[in-house]
């Protein structure tokens, strides 16, 4: 049985899917087909009934999606975290900050080049939230809103030696690091919650609600927990399983 | 720079080891693009001929519009096809979204104007030669189109190959309507885009080189078969 | 379906209110693509003519290769240019990455094979007509190329316009080398891709319709200026 | 049998391009049997007249009427162009093409085309590409292609310009035979000897106007205008 | 003055296509002053011979030698093709084109082209597109274009096929004048009268072979082969 699941670029870039999909097929017989798109586009696909479920990380948008009746419910599965990546010589001294907002303030203060996703994705919204929390209105030549997916934005940052907010998984899997390095991470403000939302079968009778439910059961199972928490790159654990039973 | 060399080495390795994933997505690329090229040619070669032999008021506008359609951004085509094929769209019941059929439809839309425009140009010149004769022989419109398509077949092959080239390298539209689903709708170009996003430039370039090699082989094969360059024009 | 209608309305609104962002990115699109088309034409029209008049061993292969290059996936071109222009690349010192210059370079690479291939086709036919005369008149190679380019200028305009069309709708390459930076390298196509990713399909379609309208206007203007369709062929 | 499309009546026709009148105004009737020869110096409008009668020129003024309505007449005429228009096909396929248009089956069309090719002396060139023929052979091909449909009215524009003496006489024989079997011929030529041999009546054009002509015996023995007289003598000077 | 490129010696040349010999093997020398006329039936190889001498045909065997090395000779020859090759330009620009190739300035080239056009009777057509000319006018254009560079050797392939009597005589006068001022002429024609009027010597081709020819008075009064005799009589039959 096939099931279409829309996910965001940052999830796809993490490489976790390659571990989970075969296990899902084995455990449930469901062949999950991933559609890797922007957060907005993922929700739009769900809204139109073109996918059976979505797995995204943008809480406000998700809640609105469910409230509008497009999804049946929102089920938190796991989280990873964001980190701040930048040039090795760290001209803005981001490495010395203790809070994410502080790190952002350093960057703004130094007017060091900063690449923003600029695409209304979960990552972008998180970044905007951090600026707001830091009390900074990011404008000027140093602030570059690129409007691209996670990997493409990282490529851009690497090309211009700029700072960027990235999810840890995408960063670790990223092959074009150039002169960039991880400078800041660990602040709980940077946690990145992924949630699973089945598309509402009342709206779209053709969606595979039963399979979507079985997938949800599997995703919240111990088997999933083991795989998710066991997934490491370069010795770092990437995701923390936090589905409630 | 290094990425380019590594990419070439990797391309060689993938080909020499007959990498099964590579073969799968290459075959799918060919399947989609060859289908799209054939369908688009069936539409646009007669259309190009029809435009060449008919004089009508809006002619100049139609041709400019056709030329402009060559510039249809793939993403827009992808969106349009998506909107039509989406479950909530008019053709949603067909369930074609995220299948190779949807990708073929998108590519047909993209390359039809290209093939029509180039073939129109070629047939216009042939029609200038044949005009008086075919009028004098009292041919029907359809007979004229047939004669022009047949006698101009070599130039038309170039037109179709231009369409093939455009389609095989296309990614924006098929990404949206195909979804780049592993083992279902992933083709060379969407795989390249995926690897690029991961920053795996060497692998992305390797796939790119393989794609070019594939296109060279197809072009060379068709030129040899059709003897275009041994033309009796020469 | 709804998205298409909303998109059309939105396109109208943006145009009628002379939306400043729209104007900015449209002008940048034109600037980049017109530059790229001019540069690519300067390279590829003589190249097309040169290929048409010269017989050499590898000719058939070169032509097949040129045709195949029409299928260069934009993403691959983007990667190659990125690798060359990046700080650690051989041309890094120029600091061109993420500028409109880099976008122009990428588009030139993409459309040069297209213009060369189409113009080669057109010039081949003209050369078949002129061959004996120009040989008999003892023309130099360069004089032949000049005569063919001049007397074939109408067909060559179509070739350049095909290149223009391809470039104006291009997104994969310029996204990588330009970076889609707001107020710096964002153009119509990259804006479309961005809005698509955001799920703003109506706005994306609106920008797409505007892009097509722009391409139609450019095509129509050039055809009128060059009188192509009032051709004395007719 | 098909209905006869003659008489053909051209009434006050005029052809102009960019403000310059190339032909006319003139009126003309083509009726009965026979051969009408159009004469006149280079650029006098012979080609333009033949094309106008055949319906290939846009008339600025006047009209061309056939005895039956337009669509019927088209396939009962044929035209041999001054510069042969060759399709990119071999000799036999080129000649068979008009027959295929009439839905004749391919085998029969080729047989008929082969006969027509042999009649004009192209029997040894059947599968050669038309473009590879010699100048004279191209003209022969065009003549065979025009005859193969057995038209009621046959227009020929300098059909023998590139033919050798013997071939010219052979083509003349074919034309005389066609006339005998009822084909009405309208032909331009610069070969005054040929004109005398073939003409039943003549049209003499000068700067786009018909200034002389009439029944052949009268016209050739006693042209009324000095222009026609000079033209007829042009070829005879030793 | 430029070095004379004559004599031209063709040694055992043969032209073949797809296994079939179109011309030769034959040897030929073109030297001194005068006009060589090439005669022969349609398809006998006249065009092929002229093109081979001018260097336009790939020789299967043999060689063509000029008195001076190749690159020098090229621009001292000119060729008038049987089917005029027209550039997509107007009359005066078409004729001026060879002069522009020699880096003559545009104004002077146009003046010379205008004179050349007037000499062949195209004075009234200067700014007409070459494609719009009548059949005969196109041939005149080609002749003017060939003469304008004042070549040492001029090849003409049926240059008068579509010309009226008067124009034919005018072109002949121009050719006689060119010969008088030192241009060596090699020309094919089906017009036996014209051949007699112009020839200093003759080459008679039959099925690709030179089977007859020689000094004009001898050849025309007393051809040695029955084929040549028949050919020369072809035009004279009343």
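Some observations on this one:
For clarity, chains are labelled A, B, C, D and E in written order, and residue numbers in each chain start from 1.
The criterion applied here is as follows: a residue touches a chain if its C-beta (ideal position, glycine included) is under 8 Å from a C-beta of that chain, and two chains touch if they have at least 3 such contacts.
What you are looking at is a predicted structure, and each value in this text was computed from that prediction instead of being measured.
In summary, the chains found to touch both chain A and chain D are B. In this assembly, the C-alpha centroid of chain A lies 81 Å from the C-alpha centroid of chain E.
Distance between chain centres (mean CA atoms), chain A to chain B: 35 Å. Averaging C-alpha coordinates per chain places the centre of chain C 49 Å away from that of chain D.
Among the residues of chain B, those touching two or more other chains are numbered 89, 196, 201. Residue positions 132 of chain D are each in touch with at least two other chains. Among all residues of chain A, those that touch two or more other chains are 149, 152, 155, 158. Of all possible chain pairings, those that touch are A-B, A-C, B-C, B-D, C-E, D-E. The part of chain E that touches chain C in the complex is made up of residues 51, 54-56, 74-75, 77-79, 81, 85, 87-89, 97-98, 101, 129, 131-132. On the side of chain A, the complex with chain B involves touching residues 4, 9, 12-13, 33-36, 48-50, 149-152, 154-155, 158, 173-177, 204, 206. Residues 129-130, 132-133, 135-139, 143, 147, 151, 232 of chain C touch chain E in their complex. Chain E makes touch with chain D in their complex at residues 17, 40-43, 47, 82-83, 121, 125, 132-137, 140, 157-158, 161-169, 190, 192-193, 230-231, 233-238.
Chain C contributes residues 1, 3-4, 59-61, 63-65, 67-76, 78-80, 82-84, 89-90, 114, 117-118, 121-122, 124-125, 128, 155, 158, 161-162, 164-172, 176, 188-189, 192-193, 196, 201, 204-205, 208-209, 211-212, 215-216, 218-220, 223-224, 229, 233-234 to its touches with chain B in the complex.
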